[in-house]
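So that we are looking at the same thing, I have put the structure below in structure tokens.
Think of it as A, B, C and D in the order they're written, each chain with its own count starting at 1.
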Amino acid sequence: MSLSYSPNEMMTVAAARALRNEDVCFVGIGAPSAACNLARMTHAPQITLIYESGTIATKPNVLPLSIGDGELCDTALTTVPVPEMFRYWLQGGRMTVGFLGGAQIDRFANLNTTVVGDYHKPKVRLPGGGGAPEIATNCHEIFIIMAMGKRAFVDKLPFITSMGHGPTGRERRALGVKSKGPTRLITDLCLFEPDPETQEMTVVSIHPGVTREQIIENCGWTPSFAAHVVETRAPDAKELEVLRDIQARTKAAHGG
Amino acid sequence: MAKFLDLATAVAEMVHDGDVLALEGFTHLIPFAAGHEIIRQKRRDLTLVRMTPDLIYDQMIGMGCASKLVFSWGGNPGVGSTHRIRDAVENQWPRPLALEEHSHAAMANAYEAGAANLPFAMLRGYIGVDLPKVNPQIRKITCPYTGEELATVPAIRPDVGVIHALRADREGNVLLEGITGCQKEVVLASKRTIVTVEEIVDDLRAPSPNSVILPSWTIGAVVAVPGGAHPSYAHGYYTRDNSYYIAWDKISRERETFLAWMEENVMNKGPDAFAVHAGRRAAS
Amino acid sequence: MAKFLDLATAVAEMVHDGDVLALEGFTHLIPFAAGHEIIRQKRRDLTLVRMTPDLIYDQMIGMGCASKLVFSWGGNPGVGSTHRIRDAVENQWPRPLALEEHSHAAMANAYEAGAANLPFAMLRGYIGVDLPKVNPQIRKITCPYTGEELATVPAIRPDVGVIHALRADREGNVLLEGITGCQKEVVLASKRTIVTVEEIVDDLRAPSPNSVILPSWTIGAVVAVPGGAHPSYAHGYYTRDNSYYIAWDKISRERETFLAWMEENVMNKGPDAFAVHAGRRAAS
Amino acid sequence: MSLSYSPNEMMTVAAARALRNEDVCFVGIGAPSAACNLARMTHAPQITLIYESGTIATKPNVLPLSIGDGELCDTALTTVPVPEMFRYWLQGGRMTVGFLGGAQIDRFANLNTTVVGDYHKPKVRLPGGGGAPEIATNCHEIFIIMAMGKRAFVDKLPFITSMGHGPTGRERRALGVKSKGPTRLITDLCLFEPDPETQEMTVVSIHPGVTREQIIENCGWTPSFAAHVVETRAPDAKELEVLRDIQARTKAAHGG
């Protein structure tokens, strides 16, 4: 029996699977938050989720709309001030995974959430970096979740808001950053991982029913494919049920 | 010791044209009522400082209060753009808006340094990114022991800090609880401070000896504004009005609908209009 | 995740000869039981770090555990000298003791920098005083914005941090309350940590969403030692045994009385001996 | 009717009187603590007392033996971590008065609580500075309470633990320190204040029954007397009653 699911559901499920029970995860709002909580409600019940609002080991029953919804504090082990969150917990090196989204990404998993066009005369002014610049270097590794498309997956970023492996894939190591940086990029079409030599994000797994052509068409650079590309395991019934339940609860709670 | 004032008097006395002003509250306890009063009193040329300039700064900037914004993330959380801020940055409407942009970590550290009376903050940050190229305030310092380079930012010391807290006692001591953001730091870093509260009570009912309490003598003015954080929320009083944030996207997208909404809901109203939200406890 | 161990095992696994070791607790929650276990296991050449090396370090140093002391105030609070530390410094008995001396502000900042993974701390301090002349670790840095000079000290990153807390839950999350000193910083700054607690409970009973809680994954070992802070105290459990501090002055003044007391009360006892103090609630 | 009192009681009462209702006072343990709480229980009920253990606006019913007795926390408005106390509250410039004692003092109110003899080969190893080095420069002004005697009031300090007005009275200003430094020195025989020109601590008030000769005999330098020296007002009945009550309660509580 085959289940019907959307590309977005596939992306969220695949992202959730990347997380482990023992992870301490710094969670971005939106798609990362959905994936992290899906992981917590399925295979990783002990995972520690931390939001930059200061909520540590939070277990929201509905997805927060903002990074600091009351639900996050109400269900947290404890809530600390924001300066402490960034000093002791993020910079302190406590996070095994930072889970980010972004507006634009390049082949080395550098992210732009700042501006399209010239910084001083912007075509589109985006929200800015928030926690991302320091999440990108202070967490042990970075997972990124983004839907593919040519406006999002670009050949050259107009602005580097947070560093992946650097503009040529070599800068991260050259700058002496010890953490791994982006190790997984989860999209609605496929999964990327950095090539061990070049650090270029490379397709390692394609979601069921997706073609290589679709991936190429939705990418602003010519994507590389690993020597052995596998097919992503489709969402199972449990994963879809939990995801849909939480999204239904969330929609009801936010009155949207 | 803090003075007990009404909101109009507090803003009139403490907030002046050209001030560096920080309204803080990290999603929780955002001082909307105070922001609206500043709009009504038509303050101009403010430098607005805030980690997350969301709806309250969208409203203040859209109404022409500010000439500069110091920030680290500007958007309608979980919804989309802050259209009024974008219109000011992209089209100089209603007036040009200079930007000084940081990361969250840098701003949190800069507030912390301000509270600690240090001239600057240092952090392991801004590595491999473009922001230092467009913000000359981001500099470097060398560790005198290891030779490592660290990023620096100047301490933030606002002329006026404004926060919303849960409650004050009759002496003007103030309690916060829940997501406390960098509110304590802002109050301690600022020259003048306004704290709006849900209620003024005989007993603070601090649950712990380590509760987050700002003593009266650290605060300029305490103002009772029940519901004054709406559509943000007050832990234990009322929950976040997420539908307001979602609705704001449409209201703020066009200048005309924005101005009409502001006229009706801010210019023609007063702090009392927030009281209706104080009793609203959403089931969660 | 924290391991639940008995005290002898925790010390045997985590504390090694030559380690840099910080037992913290600012008057409140001093980990006496853990210190006694380290004495019993005859650790040697420790660098002992502590803002206020009072009785617990007087005992450890008098029993020959340490070759160096990093501190900012060494005395029997409100009573007088720590005679065993003085004997080590003045007469090298039972062995020489090197000193690295700071002010409280510098050490508190150094722990804070350790927790924040910074290589050093800066402060407005050490102005016009002689300590920088005898401690080459106290240096200076220049503010890249104002040109002001600030004092610096290296971050403290102990090999082992040891604290006593109120209680842990079954997952190993730990609650502190009352005077919390720099215990959170020490745990976060240390490579390995031992936390002794009054009790292990199903529910932490945290009174506030902002309660001081160390998550299980920040801790190496959790050990239940009821009364383990005596003669220091545990907020809500038992009060400070001031008479012990007063009596210590006479016990510790001479080497013979000190050694006899240690033999009887430490070497021939175990962690269970602290349990008698857990129930003692002085009326206050 | 004249009351009988000890020199120590006179000293404590005189020290208490120096404090004002609106002061925010960083309190040292021992004699400063007795004076500060006496002030709170008599003429300055609104005074804010802060101890370096983190207790803010504490109102102990008995005097603490240590800087962190439970009584201080139990009666405080709130208790903050020690790093925060030193960073936000002391360095933050929040304290109007720092109230210190010391083992040795010189004529410019520099204090030694570190060592007698050579630092590296000490004759007497004292406790060290604790909070004093930064209290001395970060509080708006400093009050010092010390009983006189030639071993305590010395011509030259072997070690400057905390700066008063500097070794020659000029260093404090030369170093650019903006706070006032020691403005009052309260002893068991008399009161000193800094000379406005030289900053030398100068006798401005002599306790009842004390002679200038006694002051000179108990001072390691030749003390200066102000042009107009007054007689210190003797402790009144209320002051003595409150002081003796708190000391009796304290003795009973500490089981000493």
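Heads up, the rule we're going with is that a residue touches a chain if its C-beta (ideal position, glycine included) is under 8 Å from a C-beta of that chain, and two chains touch if they have at least 3 such contacts.
The model shown is predicted, which means the values in this text are computed figures rather than measured ones.
Chains touching both chain B and chain D: C.
Centroids built from CA atoms put chain C at 39 Å from chain B. The distance from the centre of chain A to the centre of chain B, with each centre set as the mean of the Cα atoms, comes to 28 Å. With centres defined as mean CA coordinates, chain D is found 57 Å away from chain A. Residue positions of chain D touching 2 or more other chains: 73-74, 79, 87, 91, 138. Shared interface positions of chain C, defined as residues touching 2 or more other chains, are 117-118, 123-124, 178, 180, 184-185, 209-212, 235. Taken together, the touching pairs give a contact graph of some other shape, not a line, ring, star or complete one.
Chain pairs recorded as touching, per the definition above, are A-B, A-C, B-C, B-D, C-D.
Against chain C, in their complex, chain D makes its touches with residues 29-30, 52-55, 62, 64-74, 79, 81-83, 85-87, 90-91, 114, 119-120, 122-125, 127-134, 136-138, 159-163, 166, 171-172, 175, 177, 253-256. Those residues of chain D lying in contact with chain B across their complex are 22, 24, 48, 56-57, 73-74, 76-80, 87-88, 91-94, 138. Residues 26-28, 51-52, 71-75, 77-79, 81-82, 85-86, 89-90, 101, 103-105, 108-109, 111-112, 123-131, 134, 178-182, 184-185, 212, 233, 235, 239-240, 242-243, 245-246, 284 of chain B are the ones that touch chain A when the two sit in their complex.
Taken together, the chain C residues at the contact with chain B in this complex read 117-120, 122-124, 137, 139-141, 143-146, 148, 150, 152, 154, 177-178, 180, 207-212, 235. Chain C contributes residues 1, 115-118, 173, 184-185, 188, 206, 209-213, 215, 217-218 to its touches with chain A in the complex.
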